[in-house]
Amino acid sequence: MQKFTSVADVSNVEELVTLARDLKSRPQAHHHLGQHKTLGLIFLNPSLRTRLSTQKAGLNLGMNVIVMNMDKEGWALEFQDGAVMNGTTVEHIKDAAAVMGQYCDILGIRAFPTLKDREEDYGEHLLKKFIRHCKVPVVSLESATLHPLQSLADLITIREWQPDGRRPKVVLTWAPHIKALPQAVPNSFAEWMCRADLDFTIAHPKGLELAPQFTDGARILHDQHEALEDADFVYVKNWSAYEPYGQLYSGGEDWLLDNAKIAHTHQAKIMHCLPVRRNVELSDELLDGPQSLILEQANNRTFAAQAVLLQMLAEL
Amino acid sequence: MQKFTSVADVSNVEELVTLARDLKSRPQAHHHLGQHKTLGLIFLNPSLRTRLSTQKAGLNLGMNVIVMNMDKEGWALEFQDGAVMNGTTVEHIKDAAAVMGQYCDILGIRAFPTLKDREEDYGEHLLKKFIRHCKVPVVSLESATLHPLQSLADLITIREWQPDGRRPKVVLTWAPHIKALPQAVPNSFAEWMCRADLDFTIAHPKGLELAPQFTDGARILHDQHEALEDADFVYVKNWSAYEPYGQLYSGGEDWLLDNAKIAHTHQAKIMHCLPVRRNVELSDELLDGPQSLILEQANNRTFAAQAVLLQMLAEL
Amino acid sequence: MQKFTSVADVSNVEELVTLARDLKSRPQAHHHLGQHKTLGLIFLNPSLRTRLSTQKAGLNLGMNVIVMNMDKEGWALEFQDGAVMNGTTVEHIKDAAAVMGQYCDILGIRAFPTLKDREEDYGEHLLKKFIRHCKVPVVSLESATLHPLQSLADLITIREWQPDGRRPKVVLTWAPHIKALPQAVPNSFAEWMCRADLDFTIAHPKGLELAPQFTDGARILHDQHEALEDADFVYVKNWSAYEPYGQLYSGGEDWLLDNAKIAHTHQAKIMHCLPVRRNVELSDELLDGPQSLILEQANNRTFAAQAVLLQMLAEL
């Protein structure tokens, strides 16, 4: 695998899930593979789970791991080709990426969207330039529009907990929030679910449609109650509007998920990528209840990253 | 050992000191014990000695060490159970701790007090919630009210330098400062000294009494000169008031320690946990003089941490 | 080698270059040498290349590497001896350095100049105090006035790409910028070039003379066109004035280097230490063209650092 930025980079999704589950049972089995190999994790934004789990994944594989917070320990990057750099940006991404690629065998990068310029964000220009110039395999640690390590961990979790003998019904339901959030997690979850063999429904208020290129094959409903019927998994997540781009949805507090709302599901498992605004997005009772998978998902982040890194190491 | 947050977590204090001194002479002797084990060090506040010495301790034991500055590389944590998280906090400590515990075999955490709400600080709610939810052994890297790794290093240092043939006299003397500081170091030092077999005196201006639960067994004097008489060790440290809580003591400049002040001691060794405000808390002549143990204390931080980690690893 | 702060610390420059080139071809050959040894990298300022390449160098040698951003993860240091520390500084460098030296076998430190007090900066007081008090070998990661790891990497690059059969002509040309930059890189480059066996010319506008102690033996011209004639290597770099100290040169935009300017060179290779302000210091066409060595220089930073660390480890 040369890059891991989307489900489109994966030749066989279920094989990758199987590999990750195998690594979960034997995390040190391939410890020799990463000897003398360096994983560089570059953050342009804050991170907890991705930061720790991807480090852990690299260490499990015997790699050296170097973490850099480019935004705090470095300086502002320029993304425009041909720019006359007489402003506030100190280094062009083409130079920074090329240099990082010389010190590392595999690179990860996190860079959030502006939420201001949709074309810019959805063009994934930053990520694409980073990949083009660093010349080593790149793992997205969450880009402007997708978060594939999260989605892979989510699919692993679904496969671990799905009911026997039938295709699981998975529902992604929008949730209220107080801040305009990126669309990366729901885009990515939709993209992976549409690719997997399962029944996938998205529920959100009218006007919060996700980018259509990621939801092809999903059933889309604006009635949360109807969507949740007979669900096996309910994935709760806020996102800001795709159109008008980046806008915080005002209202929608009645979309907060709680026990009453899931009474007509198949005792649905509750999923969230974290961090979660408790009692704003969904209730404590659900998050802390027996149907919650939020910690299973977080735990699987390590093995999602490890499976991806393993495939990259194997081809170095 | 499941947690190291206070001397109360230690079954045999002098055995732990002996273990640390043994590790000091053979730091790599247990390098195999930490193989494939991960130590996560979580900082909610700045750190120098604790940061470096605890990393070093983990590395000496062959562990992988991951450091995270939650305050800078992550986001603000919520500590209130049941909170409707519609404010500035991004993630509840119960989620953050649980997730960190999935990626790490042992966790360390540093979190300073507010110095505003005594009940909140002395309840050690943050630390307790972290321990409850992370579900792995936890080392305090300094909590709201105690700093046990420092105190263990201090006791190691005292045992190395104590006079032969008699119980050493140890004096903790308050020192002036320009900022209101936490009570964690003096509380902790008092707690450990009261537990150890030695003669322990605390000297401070009236009104700067430490929390009584940590000073039981100590002689408490308000006359610095009297307290220092025949001392073998003088530990110099500022703290803010316990009552009214967190208040900076105004005055007390005459408590600055210098050579003249220790003339009637047993050529007392001078101790300080660092960082020290030179010539405010005590004089350059003392800090840089032949009786100063400040660098010995700092050096012993590594072996204090290593002894604690070793006991935790042995029980994993 | 006990310290690496200037070319003056190197007994045989060309031997060090040869060692670095050998390490480049066999980076893991001495992996045993650093076992159980700890490299501490202390940053008081931002860094990308130095941060990553020096970590990589230490890891290639089998060392444990601990990175600390003292400015962000620690606190403000006091540099004045005898200071009454009742202001904003929290710890004296003599204490911080001594403590760091206890946890690490080799230390690196980066500390930029003030650009306000020339005597202070050129006295290198901070670096000297750090070295005196930490008591372990110290690698400068760029000090107030010099950047020897960069210059060693530059010389390695020149030796790799120099023409056969004649002494190469190397030209350091000043370039415009929008900020007042330190003189460390050009001082250091000049110092190393004057020591190496090659033909060295410096070109800059009148009034931008570098500190004379570093340019002894160089030809100094104020006519960029004349200086560039028959050049084999052109090193492009901005610096602020030495006199009046730290002042941004106003004007000089015509010193921006582009293809036309180097037409009368020997198809000169283009060098820059990075980060570079593209199309302000020099043109995209040069930076991205076939004569550009900027990525070769950055790559050689690893082996420059590794050669220095290897010599230090060999003497531990």
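To keep things simple, chains are lettered A, B and C as they appear, and every chain counts its residues starting from 1.
The definition used in the following text is that a contact is a pair of C-beta atoms (placed from the backbone, for glycine too) under 8 Å apart; a residue touches a chain by one contact, two chains touch by 3 or more.
In this text the structure is predicted, and so the values were computed from the model without any measurement.
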Pairwise touch network: line, ring, star, complete, or other: complete
Interface sides of subunit A and subunit C: same vs different residues, half threshold: different
Subunit A and subunit C: spacing of chain centres that average the CA atoms, whole Å: 39
Where subunit C touches two or more other chains at once, by residue number: 72
Residues of subunit C defined as touching subunit A within the complex: 28, 31, 43, 46-49, 51-53, 55-56, 59-60, 69, 72, 178, 274-280, 284, 287-288, 294-295, 298-299, 302
Residues on subunit A engaged by subunit C in the complex (per definition of touch): 36, 38, 40, 64, 66, 68, 70, 72-75, 78, 82-86, 90-92, 94-96, 98-100, 102-104
